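Structures incoming, each one as structure tokens.
Below are two complexes that have chain A in common, paired first with chain B and then with chain C.
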Partner chain A sequence: MKLKYFIGILFVLVILLSFIPKISGNLTDVKFYSTIDTTKIIPVKGVISEISNNLYKFIDKDGNEGRLYASNITNKEGIFYLKYNEYENYFTLKKFENNTFFITFPFIPGLEEKARIILFHVPVAWVSVLAFLISMFYGIRYLKSENYEFDVKSVNSASLGFLFCILATVTGSIWARFNWGSFWNWDPRETSIFILLLIYAAYFALRSAIEVEEKKAKLSAVYSIIAFVTVPFFIFILPRITSGLHPGSADDLSSPGGGPVIKSGMSFEMRIIFFLSLIAFTLLYFWIFTLKNRVTELERKKI
Partner chain B sequence: MIKESFFILKKDYKSELRNRYSFNSLLLFVIITITILLFSLGLEDISLDIHAGLFWIIVFFAATNGLSRTFVSEEERGTTLVLKLISESGTIFLGKLLFNLCLMVLLSLFVFILYLFFMNGFLIKNYFLFFVTIIFGSIGLSSASTIIAAIISKASNKGTLYPILSFPILLPLLIILIGLTKSSMIGKSIINELNQFLLIISYSGILITVSFLLFDFIWKD
Partner chain C sequence: MFNFFEQNSLFVVLLVVLIIWIGLYYEIVKLEKRLKKIEKKNED
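Presenting the complex of A and B:
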């Protein structure tokens, strides 16, 4: 009972935190002409005021004045991290921080608001792999003990994993329409989640093809183990060694060597919300899992 | 144990010689598929990607017909009990795996010869890489097929279930194999492709180990 309320509170927190305002408006293609001359990335605290359409006046704390081309800046105060380009003699904006909120969402060029998907899409995918792992775990326990309960748990976990896998595919696909241009791009990770869906669909097809209860449990336990040992290849190996659109691919510049993006490319604030969301989704999975097990138990008693 | 599994291989080979069911049907299947391809393609020039893809599609579906029969035929002939009596389940699994491996190598070589004969655009520059690909591909495909053939021999609708169960597990292998075939057609050296072979070895190694351990549960039913 208490777990339920805890999960509810956690989800409300994650949803509220994931809507925290971004630190700036749409700061693409910024050009800044200034009297400041440096080749380093410099943090400048200053005030911006709009002169005319897309042209802003910039005054830093030393009184230096410059001009900045940008589109749609919503927050006029904050710390600008500027990088000077020697050859073309203008400043580009690297980063923009604003201290109006105690926790802020970073400005990520190219992704902007769409970066928020990582707070829901990734935990859902993580939960689906966790569910498949637990399905395999109960499959092994069934083979060892031939206890009917373990088979029920294995199936329930696999079906939950399948559900979360579909959720991850759908959320990712909708997001891909807006960021990559089409619903499906056959990116390595998309391919591997498609194969994962096929594998577990085959698992349910196998279950429905066998009539005898014991045989069904045994063969599907064997198949769930075989299916899960291939999962690391789909989730961790293939998408990391091939080049693709997802972060963490072989050609991803933000994480050379193709490691997980959480380690290298995520800001502190984002990481906190991400891990909160991860915990919330994991607890949600365990809650539904125990509920499902109780439902099947009661149904069996009624028969 | 390995010696005994060679006896199983020999037994399968002899019973295969007796009725020649799976080999003949495989050859006919391959010929029919290539004929359909030839008619549908006409004189069209197709790219290397499509050639590599078509080659492995033919091999995969022919293998579906042949490899799925390994345990089903034992069940149909009623020889399962005798096999259970004469040796351990691990030995039987290894023997069947070896038989499937031989069948796969022969099958892919046969497809290769026919393909070379009929398809004008199918030119291979690096034969060594191509044959290594065929051998590793056969190991990979037969590793996953054997245990799935054992699973479906206990299920009810065997014919349709086999491709459903095996396709998703074999798909990553097929993707790698198609890539390797393509690079052997371009003429890349084998050193550039070592990563892909490592992937195949680890994938089929894991599958063989797991199915060797699990075969006991399916077999002693």
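Presenting the complex of A and C:
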């Protein structure tokens, strides 16, 4: 099978698989007023049971008991999440539901449906790092052989990496609006990707500033190597040694001491789909990369 | 607008996927333009 068809099928599969599975723990929103001290941990997982008319008992997973007044609770037995809705000033209950589809995603408090974004946001960021790596690889090869072909490949890869880097920033900033409250929070990872964008923007500025082809190729090859040296520091090290909002930062409780971003809260099924998405985006990158190389090759022949 | 996305957070995921595809589409449109230029030169 040809690669392009394989990529197409893989993407259809990934998008379907990331939208169809339900988050277990969805639905049954009930407005109620609580006597539990919900300022401690929100949302609280627990079991709800009826005491008398409109009076319910809520026991959270630590055994803390609370009374709440509610009406129209249809499913009284089960595990609930208590969530305070700060915009409308009431509490909602979220109950676990049985799923009809064979794959389910875990209910991550606070993330809920938005947890699916990780299946697209992280692979895009990963592809940008890969593209910058390949840009450096061809930069080194150019310096070794002085073959013009490698210079072209180095630029093409860097420009694709820049595009993916912008996409990762934009999607991340939309996600941040809904989870952290504002589009830009100067979280360590946000700061470092911003600096990375500036570094690679300077790369293109450098290229367009020099007119002599040989000099341009040589200087930009050297610059692409130096630029990539900063990438591991900005993407992998800095966000893990400083405390921030992203998972995997130094003060993240789910991975003490800092760990991989995808570690927190992902179930086995979700991880499989995540890696499928990672493969799909990587292959897509290589496909567009070869397409770009072919076009530049044609352009060169015509001159 | 914000409230709609806040209530239906599945649409936030849709928005993110659409943005990624718009970005990739833009890249392919740019490639197509370059190809067209080459084709024009070929004709001349």
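Convention: the second predicted complex is superposed on the first by the 220 of 303 C-alpha atoms of A that agree within 3 Å, B and C clash if a C-alpha of one lies under 4 Å from a C-alpha of the other, contacts with A are read in each partner's own complex, and residues count from 1 in each chain.
Criterion: a contact is a pair of C-beta atoms (placed from the backbone, for glycine too) under 8 Å apart; a residue touches a chain by one contact, two chains touch by 3 or more.
All values reported here derive from a predicted model rather than from experimental measurement.
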item: First, second, both or neither for A:Met136, with chain B first and chain C second; value: neither
item: Touched partner set for A:Ala158, first chain B, second chain C, both or neither; value: neither
item: Touching partner for A:Thr171 - first (chain B), second (chain C), both, neither; value: second
item: First (chain B), second (chain C), both or neither touched by A:Val295; value: second
item: Partner chain(s) touched by A:Ala280 [first = chain B, second = chain C, both, neither]; value: neither
item: Partner chain in contact with A:Ile199 - chain B first, chain C second, else both or neither; value: first
item: Partner chain in contact with A:His121 - chain B first, chain C second, else both or neither; value: second
item: Residue numbers on chain B that touch chain A, as the complex places them; value: 144, 147-148, 151, 154-157, 161, 164-165, 167-169, 171-172, 175, 195, 199, 203, 206-207, 210-211, 214, 217-218, 221
item: Complex contacts: residues of chain A adjacent to chain B; value: 143, 191-192, 195-196, 198-199, 202, 205-206, 209-211, 215, 218-219, 221-223, 225-227, 229-230, 233-234, 237-238, 241
item: Chain C to chain A touching residues, read off their complex; value: 2-3, 5-6, 9-10, 12-13, 15-17, 19-20, 23-24, 26-28, 31, 34-35, 37-38, 41-42
item: List of chain A residues in touch with chain C within their complex; value: 15, 18-19, 87, 112-114, 116-117, 120-121, 124, 160, 163-164, 166-167, 170-171, 174-175, 177-178, 284, 288, 291-292, 295, 298-299, 302
